[in-house]
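The same chain A turns up in both complexes below, where it pairs with chain B and then with chain C.
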Partner chain A sequence: MTSKYQWNNIFLTLIAIVLFIFPFVADSRTWTILLTQIFIFSILAMSYDILLGYTGIVSFGHAMFFGMGAYTTAVMLDRMEPTIGVFVLSIATGMLLAGAVSFIVGLMTLRLKSHFFAMLTLAVSGLFLVLAEKWRTLTSGNDGFTFRAPEFFKDRMVFYLVTLVCLVVVYLLLRRFVQSPMGHVLVAVRENEQRTKSLGFKTLHYKVIASVVAGVVASLAGSLYAVSLRFVNTSVLTMDITLDALLMTIIGGVGTLIGPIIGAGVIELSQHYLSGLAKEYPIFERWIIFFGIVYILAVIFFPSGIVGTVRQALHKRKKPAVLEKSSSGTEGL
Partner chain B sequence: MTTILRTENLTIRFGGHTAVDHVNFEMPEKHFKSIIGPNGAGKTTFFNLISGELKPSEGKVYFKNEDMSRFSSVDRTRKGLGRSFQITNVFPNLTVLENVRLAVQSKEKIRYQMFRHITSYPSLIKKAEELLEVVLLLNKKQAIASQLSHGEKRKLEIAMLLALDTEVLLLDEPTAGMSLEEVPTILEVIRRIKQQDNKTILLIEHKMDMILDLSDSIMVLFNGTLLADGTPEEIMQNETVQNAYLGGSYNEHHAQS
Partner chain C sequence: MELLLNLMINGLATGMLIFLLAAGLTLIFGLMDVLNFAHGGLFAWGAYSSVWFYALTDSFVVAILGAIVTGIILGFITEKLIITPVYGNHIQQILITLGFMLVLTELLKVVFGPNQIPAKTPPYLAGSWEIGDVIIIKYRVFIIVVGFLIFGIFQYILKKTKIGLIVRAGVMNKEMVQTLGINIKNVFLYVFIAGAALAALGGALMAPYSGVIYAEMGMEFAILGFIVVVIGGMGSFPGSLLAAILVGLAGSFMAYYVPSLSLAVNMMLMAVVLIFRPQGLFKAKG
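After this line comes the complex of A and B, so read on.
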């Protein structure tokens, strides 16, 4: 198992190195922007995986934390001055805000059964959307506003590298989190909440902590997203963002952390290419239709997503019919 | 001997039906008591009331002379009231070792650590393996729990309960649904726990030979009420018990198995 784990690490390190070198060798603005977008959504999707994949919580309101980060950074850079210091401060403020809100919302709602919780998160995130629409003095409502990003980020390559570093750091931190004793309790909650309680764990605490961690990470993704566009409007708080995160996590593979990154890559790339095809085939203007179909097929035929399906296939090939050595539920954490 | 667990007029009603009806019982420390009674007599409900899964309509549960009313099931487990379930209740997609390790983790109070890798706690794994040895399941430690046979799952359940190291063990039909071949091993496991660990054990069972073999005392529930409580000999000779349970259902039960 150790060697498999090490191979995994070597493989991931290689990919990270290639991605670090990429902007220095390939001088493509389109690709730099596209990959930056993928990194940002990977962070968001990983945060969603902590909820869905590891703790078994379905939230329809994850966009509110993403939006909180985006608005905090945008407003602070706009109202204060566009410097790195303010940018870092805005990320910290966004995280703090998202952490506090997810803590309060979690404490109030996570006692409920999963579907009631899902509906309530939808309602709360709806509230934040309305708030952003109506609080025009701060947010300029639906129209949104542009702002100046720090001088340092003028070069797209620098921002690419910053988001990549953020992605790697978030991945490593979240991986440590899910592999910790606490992460294992989260998996236990997902598997059988009542049993986890009977073992003496206060499951509400764990669900709230998972929700805070997910909220804080989503807020970071939102901050980066706002800076990447140098613009923010209420679209960062809409259901579309939550659905994107959900889709990326499910297509990549829930409960795998690396899956959501792959999912984000697949979805962003397909979105890019499919919209590109729209010039010749107008049907592709509605590329979301294809996603609907892909999503349905994925859920029916590959419920464990890309990473889950690959892992199962590798496993079957290695140990046919040896049930005793089956992979563990948390081994792939 | 000091009383470790007792109930006072413990009652629960579901609508018009009284499932447990003013039950008073006492359990001395390190005692082995079995609960018998026909199906629907309220045995599991009685367990649920003790372990805090259900709130009584009336009456109280005392553990070490402390009123348990305000404590949730989680708090009661932490205080020392551990239970196993009649319906197998493990973590289906985790390995056998991981199942037990989680229970050990709870006992060792390694609950909220989030920055150290789980493998940096070798004592957890060592303890979990020791417990799997006790329940004769060490050779299956890497198996996924859902792939175990029913009997093995019951053993896993007991290992998880032992991991919590609670003073009182509430065992809810540990042999339920087991094949006849599997019963002796579980009997062996329970006997081993009784002899080695010196625990207070409350057992719900239907298999009379097993009960007579293990118990210091037996209590009989019938329609939610406590029909009798005494040594195995007293219970076997009790006429009311004979009529209510051992006469009808017991023979029927044996005829079926």
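After this line comes the complex of A and C, so read on.
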């Protein structure tokens, strides 16, 4: 078991190193931008998976934390000076804001049943969208505004490395989080909330913590997203962002941290290629329809996504061997 | 006075459209514990198909019937393909119906194009009446009348027929109904199809009311529908009518007096109801 875990780690480290070296070797602007985008959405999808995959909560309002981060960074870089210091400060402010909001919203709503929670998060994030559209002095509404990113990020490659570092750090921290005793309680809540409660855990307490962690991480993704575009408008708060996170998590694999990263890669890459195809075949203009269908099929037939299905397949192949061993063992006795 | 009356008629008409959407949602939820996030997609499909049929045949009656048939077919497909496989698993239901909503919306853009489509009011319903110095728009009154008519018909079916009795009993205790030898899944299929047809009818009536139709209107109205279902109490048919009227009136009055809050007022209403009275204002008595 330990050796398998170590192999896993070595494999992941290798991939990370390859990704770090990539921009120095391949001088491709398109790929650098595309991979940056994938990293940012990986962070968002991982944060969503803390809720959906680990705690078993369906939130339709995840975009509000993403948007909060994006707007905080954009507004602060625009109003104050575009320096690294302000950028870091804005990320911290965004996280604090998202943490506070997710704490309050979570405390109010997480005691409700799954349907009601899903609806209420939809409504609350709708409120934030309306707020951003009406508070034009701060957000410029639907038109949005451009701002200057710190000088340091002018080079696409530097920003690529920054987002990659963020992704790795967030991955490691979240892995630590889900493997901690706290993370195990969250999984217990997902499996059977009633039972966890009767074991003496205050499940509401744990669910609120999960939603705060997810909100804070999503805010970081939003901040990076805003800087990567150097532009922000109300689209960062729309349902589309939540849907993206949902698709990535489901297709990649719920209940794992690698799954959402793979999901983000698959979706962003296919989106890139399919919108390229759209020039020739107009049907690909509506590429989202393919994801919708794949997503529905995934929910019915592969509820554990790419990673889960692969793992199950590996597990199945090993299982007969284990059985043989144990039966031969009994024979020996 | 004239202003108040117009705002009332406006609010009532909007409320009726939301009611047609919410009626199906509330019965489906009450009966089978399924919250159908794809319901708004059926609404939008109703609107598009009515406009299409109207352009084809130039008859509003045919357009409405066409929309209802579309709703019935889509409802059947949705229940068989989407709801049945994940029956009993709440999280999967939420995820899959949302995914289907996405597909329905995008499919609309594939079939009818991504742009807004203008919708015409039939000539005999266009224009307005002038009573004294009060101007009343005919089409809005028409929607209100249809809404109450539908409410009456369904209330009659629910209260006076055998299938209505089964549905009401199922909302109260579906295990008990099953024990009595009734296949509740079949009943559920009928209710789902009826709900889809109502949603499509709502969409069809909506099209001339707003003048333009677009694919995203499904989600916008679905959110209002959810709000109504929550306020009215899950599974309560009369509750959804009253809540829909409440939401419609609140929307129309707020839009006039405090426009910046008009979108937020319903969401706040729902949040307050959910936090302090999660069972809704009216308890489901069937």
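To be clear about the criterion, the second predicted complex is superposed on the first by the 320 of 333 C-alpha atoms of A that agree within 3 Å, B and C clash if a C-alpha of one lies under 4 Å from a C-alpha of the other, contacts with A are read in each partner's own complex, and residues count from 1 in each chain.
Simple rule for what comes next: a contact is a pair of C-beta atoms (placed from the backbone, for glycine too) under 8 Å apart; a residue touches a chain by one contact, two chains touch by 3 or more.
None of the values given here were measured: they were computed from a predicted structure.
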item: First (chain B), second (chain C), both or neither touched by A:180; value: first
item: Touched partner set for A:188, first chain B, second chain C, both or neither; value: first
item: First (chain B), second (chain C), both or neither touched by A:17; value: neither
item: First, second, both or neither for A:300, with chain B first and chain C second; value: second
item: Set intersection of chain A contacts, chain C complex versus chain B complex; value: none
item: Residues on chain B engaged by chain A in the complex (per definition of touch); value: 51, 73-74, 77-78, 83, 85, 89-95, 98, 101-103, 105-107, 110-118, 121, 124, 140, 142-144, 147, 160, 164
item: Sites on chain A touched by chain C in the complex; value: 52, 56, 58, 60, 108-109, 112-116, 118-120, 122-124, 126-127, 130-131, 134, 239, 243, 246, 250, 283, 285-286, 288-289, 291-293, 295-296, 299-300, 303
item: Residue numbers on chain A that touch chain B, as the complex places them; value: 176-177, 179-185, 187-188, 191-192, 194-202, 205, 209, 323-326, 328-331
item: Parts of chain C lying in touch with chain A, wherever the complex brings them together; value: 29, 35, 37, 82, 85-86, 90-92, 94-96, 98-100, 102-103, 106-107, 109-110, 114, 219, 223, 226-227, 230, 260, 263-264, 267-268, 270-271, 274-275, 278
